[in-house]
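In what comes next, chain A is part of two complexes: it sits with chain B in the first one and with chain C in the second one.
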Partner chain A sequence: MDVRSQMSMVFHLDKCIGCHTCSIACKNIWTDRKGAEYQWWNNVETKPGTGYPSKWEDQDIYKGGWEKKNGDISLKGAGKLRGLMNIFHNPHLPVIDDYYEPFTYKYLDLIESPAMTDQPTARPVSLITGKPIDIKSGPNWDDDLSGTPDYARKDPNLLKLSPAEQEAMFQLERMAFYYLPRICNHCLNPACVASCPSGAIYKRGEDGIVLINQNVCRAWRMCVTACPYKKSYYNWHTGKSEKCILCYPRLEVGQAPACMHSCVGRIRYLGVMLYDADLIHEAASEDENNLVDRQLDILLDPFDPEVIASAKKNGIADSTIKAAQNSPTYKFVKKWGLALPLHPEFRTLPMLFYVPPLLPVMASLKEVDNKAQSEKMDPIAKNWNDNWLYDTSTEELWGTIEQARFPLKYLASLFSAGDEEKVKHILKKLMAVRIHRRGITVGDIDEAKVKQAMNDTGLTPEAAEEIYYLTSLAKFDDRFVIPASHREQSIEMLDFTGDAKGTTGFGFKETPARGA
Partner chain B sequence: MKQSKLIFCVVLVFFNSAIFAQQNPELLFNSFCSTCHTINKGNLIGPDLVDVHKRRSDEWMLNFIKSSQTMINNGDADAVALFNEYNKMIMPDAPYSTDEIKSIIEYVKTKSPDYVAQADGSKSSDNVNTEPEVPIRSVDDATVSEIEIGRMLFTGEQRLEGRGAACISCHNVKNNKLIGGGLLAKDLTDVFARMNEAGVKAIVGSSPFPAMREAYQNAVISDEEVYNITAFLKYANEQQYDQQARDYKQYFIWASGICFIALLGIYSFAWRSRRKESVNQRIYDRQLKSAPY
Partner chain C sequence: MNIFNTFLFVILPYLALAIFFIGTIYRYRNVKFQISSLSSGFLEGKKLFWGSVPFHWGLVFLFFGHLIAFLIPQSVLIWNSHPVRLLVLEVASFAFGLSMLVGLANLIYRRSTNDRIRVVSTWMDYVVEGLLVIQIILGLWIALEYRWGSSWFASSLTPYLWSIFLLEPRMDVVVAMPLVIQLHIIGAYLIVLAFPFSRLMHALVAPLDYIWRPYQRVIWNWNKGKVRSTATKWTIHRPRNN
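So, the complex of A and B:
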């Protein structure tokens, strides 16, 4: 057992309102620079939709991630031989139009325009060329154009659905969407690290954050191709690739990453998880239907004495082990089994997990004789006194999940490599917690029904309460359990700290030195 | 410390060689003039310099050696006549100081028979005897294989012993056995006719021309190589009218064009599955109403 610690994340999609505050917080801190304008280390996508960059999930286009061949895994588009063959011309790179051409507006024209009969306008100008452009796309174009045949219907995840199912998703009464915020997954088996010809990318030992060394990067851009989530970006100005750094400078001083800190819906959770590094290769090479289970298997129980002993042997600090025990991500992922990784079939073992959105049918449509019904309409209140057309009652306990507005197949394509049962089980659990809470707060649900829901999902009332607390009431310190990073210990490995003692703060303006 | 020692050594070497060169007009003569001129051994490329001081004034000689072309261009009658007499071969400007040239003129004077007889008759006759005349093999006797070696030396197929650059780098010879040579220096097809055997041999062996001198300063061409190359040049001169002039320039342009297209073909095949446009390019093409800026 080779126990290591990893900063892992959980995004609760039911709570995401798609406000993009996270994206803006991230952009303001990290990517508001020349050459990085188009980069959104954190972006929020609308599903169904093609995402950012367009159709990033379609690896037939971008050749990202790992693929299993003869029982072992190899990089799909940027392996050793293929990487070398394509080193001077990487044929699968996204182009700027796959992301979008970054733009600003000539706001000064609004102020400095001479008096005219028309209102002045601020023309959009490209942030790359500086010339006026027609805006073709943006970082979340799906949101603005959701449901158009050009974008939402070209979602690669829809390919697994039958044409009838696809059509059903876009029927007016069933139409639904939800948001999918994405950052770097800081994978356990990162394809970007494996693909880098310069060895510039590495996974930090102490917290598993994947970083690109800007001094070593030689702009081969193999990581851009290799990352199936397209979360490594090439900065055309500096000639280096960049990616989400999980705000490690903030983590090191105990603050949550900017995107998580600013999250309005409080959908984001951050915590340490312990895992067994010896099993990574094995888990990533697993068959597609077992991938999620095997990935969850290598995440270890931080209360297990054997795990703790092994962790200590590997130099993991007590504070980190304690943080792992309190980790909200451990609870969501392992204890309650509510969260799944995004596209596990890419085999990078992502450490960002999602609680899938519960999108039940709020009502069902009935076909009735309109003439007879219209006579029943109250002429003053202008409403019907029965549920003739838009029926919101639910007789069947799990009926609404079976006929959720998003076919389970769609969610399964995103979160469980096609395994519908897994998604269904989680949705049932989420529903059970709601039924449980409604029984308590409103009391209009029959106790037997609550019990049945609990039994079906294997939840205890205590666990349901815990889930409810962490989902709805959790405070800052509950959502983000960040252990001390012990930088003072790491610096002692390299330098003698006594030399630097007293060199900051009050003291000499110019340090006296012998012989000067 | 090490560095200063090194500098000292370098300075010493330079200083020594400067003194050495200045005090040795014979060495100066042998390294530059003797390629084209002899003293009392007949005309080569330039005239025999024996008793030259009786024909020309010292001042005239000094100016001519310094820059013969300047004198010819200024219309000095004697200089022009001399230039025409010797096939209009340009005599390169001597890379020596005025004092050094004067010392060379003095040295040539001392070699005139009058002076030698006057100075020490017996010794000079001894000197003549102690220099046994090496029988010089004429290139007329060159075998086919020697001509072939000469050709290979010329084209660089066989490396010169002194590791110098092959002749073809700068010179062209019109011959079917050669591809086109360099155009940096003179075409040598009929050089054998222009200068006789002795002239060609002398120039190949130790060239008076500044660029060639510089190039072969540390890459001495051996006598055997000189012989072979000269034999080849003689052969080239004799054969020149049977040779077809091959125009490689056109050919190269076409060949490079074809190679370029072939390479493009190979590349586009190797990367045939590359991404050629943005995923949404068709949407953009349809939506954009205005022309791209």
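So, the complex of A and C:
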């Protein structure tokens, strides 16, 4: 057993309101620079939709991730032979138009315009060439565009659905969408690291953050192809690849990453997970239908004395082990089994997990007499004349999940490599927690029904309360459990601690200027 | 005339080599961030294929051809002892030279017509491309005009090049060579000279160690097992990251 620690994340999709605050926080800190304008280390996509870059999930186009051939895994679009043979021209490299051409407007024209009979306009100009462009695409171009033929219906996940199922999904009455915020997954089996010919990309041993050494990157641009999530970005100005750094300068001083700190819906959780590094290759080479289970298997129980002993032997600090025991991500992923990795079939073993969204259920309009309610309302402010109710209740306990507006197959294509039962089980658990809470707070649910819901999903009332707490009430320190980085010890190995005082963070001593 | 020749074939090579070594080592050690292939495939990918691929593969073959003729001239002479093999080598080299020329022409065309690529071009890029075009045309001309260059290079030019590296320069052979060949030699020195000042730097960091390194790389900030215990005393010896 080779125990290592990893910063892992959970995004609770039911809570995401699609406000893009995370993206803006990240952009303002890290990618508001020449050459990085188009980069969104954190982005929020509308699903169903094509995403960013367009159709990134379709590996027939982008050739990202690993594929299993003859029992072993190899990089689909890069690797030693393929990467070096394609080093002079990478045929699978996305071009900037697959993301969007960054632009701004000539606002000064509005101010400096001479007096005219027509109003002046601010024309859009490219941030690359500085010339006027017709904007074809931009950040969040397909935001909230469910149902549209150019975006939602070109979602690569729809390929797994029959044409009839697709049509049913996009009927006007059933139209729905949800948000998928994405950052780098800081994978256990990162394809970007494996693809880098220069060896510039590495995983930090202490916390598993995947970083690109800007001094070693030579723009062979294989990581952009290899990352199936397209979270390694090429800076066209500096000639270096860049990616999400999980705000490690913030983590090292105990602060949450900017995207997580600023999250309005409080959907994000960050915590340590202990895992067995000896099993990475084995887990990544598993058959597709077992991939998720095998990945969860290599995440270790931080309370197991044997695991603790091995962790200590590997030099993992006591504070890190304690953080692993309090980790909200461990609870969501392992203890409650509520979160799944995004596209496990890419075989990179991503360490960002998603709680799948309880889909909007089909509702019906019911004729009711609303007179009683109308009389309770303030006669001046409100007037309720409608005699109908938007009714989502069903006779059957799990009817709301069976009658979801999206086929479960769609969610399964994103989160469980096609295993519908896994997603359904999680949705049932989420629903059981709601039924349990409604039984307590409103009390209009039959006790037998609550009990049945709990039995069906194997939840105890205590577990349901815990899930409820961490989902709805959790405070900052419950959502982000960040162990000390023990930087003082690493400094002592390399430098005099006095010299390094006040040097937290990172950066160049000289200006990072593009080479000639 | 003699001074002129001495400058071109004795002083220039030493100057070029000195600047090459000092400049590239300085840049590699001090401004690592600037060393990059500066790939522009992200801004334009399709035309790049018809430029970069024929250019680079032609270059790889011809570079190693010249290198082998310099390092082990005997091997080239033995290979060429059979007329068919000589013909194969000459024709292949010429074909690779042509492929370089076509590729480079495409690259220059792309660089000067595409707005996005123009933005990421420096004047040094044009200088390097100009040098390379002249060098390739001279090479092709020599191959046509002064046949069986692989053989006479190995027997006549290799001793001159060795004399430079052995610090006892003998330029008598070169001075007697036709002008085109002399220009080709001078062009080579200029390209060597341009290395530290241009994107040619990326050729020196070709990622060959990728072949034998393991796919995954994990780097620890410190090795917990080696952290100094309070019983041992401080040293200022810096351990390398493992």
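Basically, the second predicted complex is superposed on the first by the 460 of 516 C-alpha atoms of A that agree within 3 Å, B and C clash if a C-alpha of one lies under 4 Å from a C-alpha of the other, contacts with A are read in each partner's own complex, and residues count from 1 in each chain.
One rule holds for everything that comes next: a residue touches a chain if its C-beta (ideal position, glycine included) is under 8 Å from a C-beta of that chain, and two chains touch if they have at least 3 such contacts.
Note that the structure is predicted; figures quoted are calculated from it, not measured.
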| item | value |
| --- | --- |
| Chain B versus chain C as contact partner of A:474, first or second or both or neither | neither |
| Partner chain in contact with A:150 - chain B first, chain C second, else both or neither | first |
| Chain B versus chain C as contact partner of A:202, first or second or both or neither | second |
| Chain B versus chain C as contact partner of A:55, first or second or both or neither | first |
| Partner chain in contact with A:214 - chain B first, chain C second, else both or neither | second |
| Contacts of A:93 with chain B and chain C, given as first, second, both or neither | both |
| Chain A: partner with more touched residues, chain B or chain C | C |
| Touched partner set for A:176, first chain B, second chain C, both or neither | neither |
| Touching partner for A:514 - first (chain B), second (chain C), both, neither | second |
| Partner chain in contact with A:134 - chain B first, chain C second, else both or neither | first |
| Chain A positions touched by chain B in one structure and by chain C in the second | 89, 91, 93-96, 131 |
| Residues on chain C engaged by chain A in the complex (per definition of touch) | 31-45, 48-49, 52-53, 55-57, 115-116, 118-120, 122, 124-125, 197-199, 201-202, 205, 207, 209-211, 213, 215-228, 236, 238-239 |
| Residue numbers on chain A that touch chain B, as the complex places them | 50, 53-55, 61, 86, 89, 91-98, 131-134, 136-137, 150 |
| Residue numbers on chain A that touch chain C, as the complex places them | 80, 83-84, 87-91, 93-96, 128-131, 189-190, 193-194, 196-199, 201-206, 214-221, 224, 234, 236-240, 314-316, 489-490, 492-496, 508, 510, 512-516 |
| Complex contacts: residues of chain B adjacent to chain A | 271, 273-275, 277-281, 283-284, 287-290, 293 |
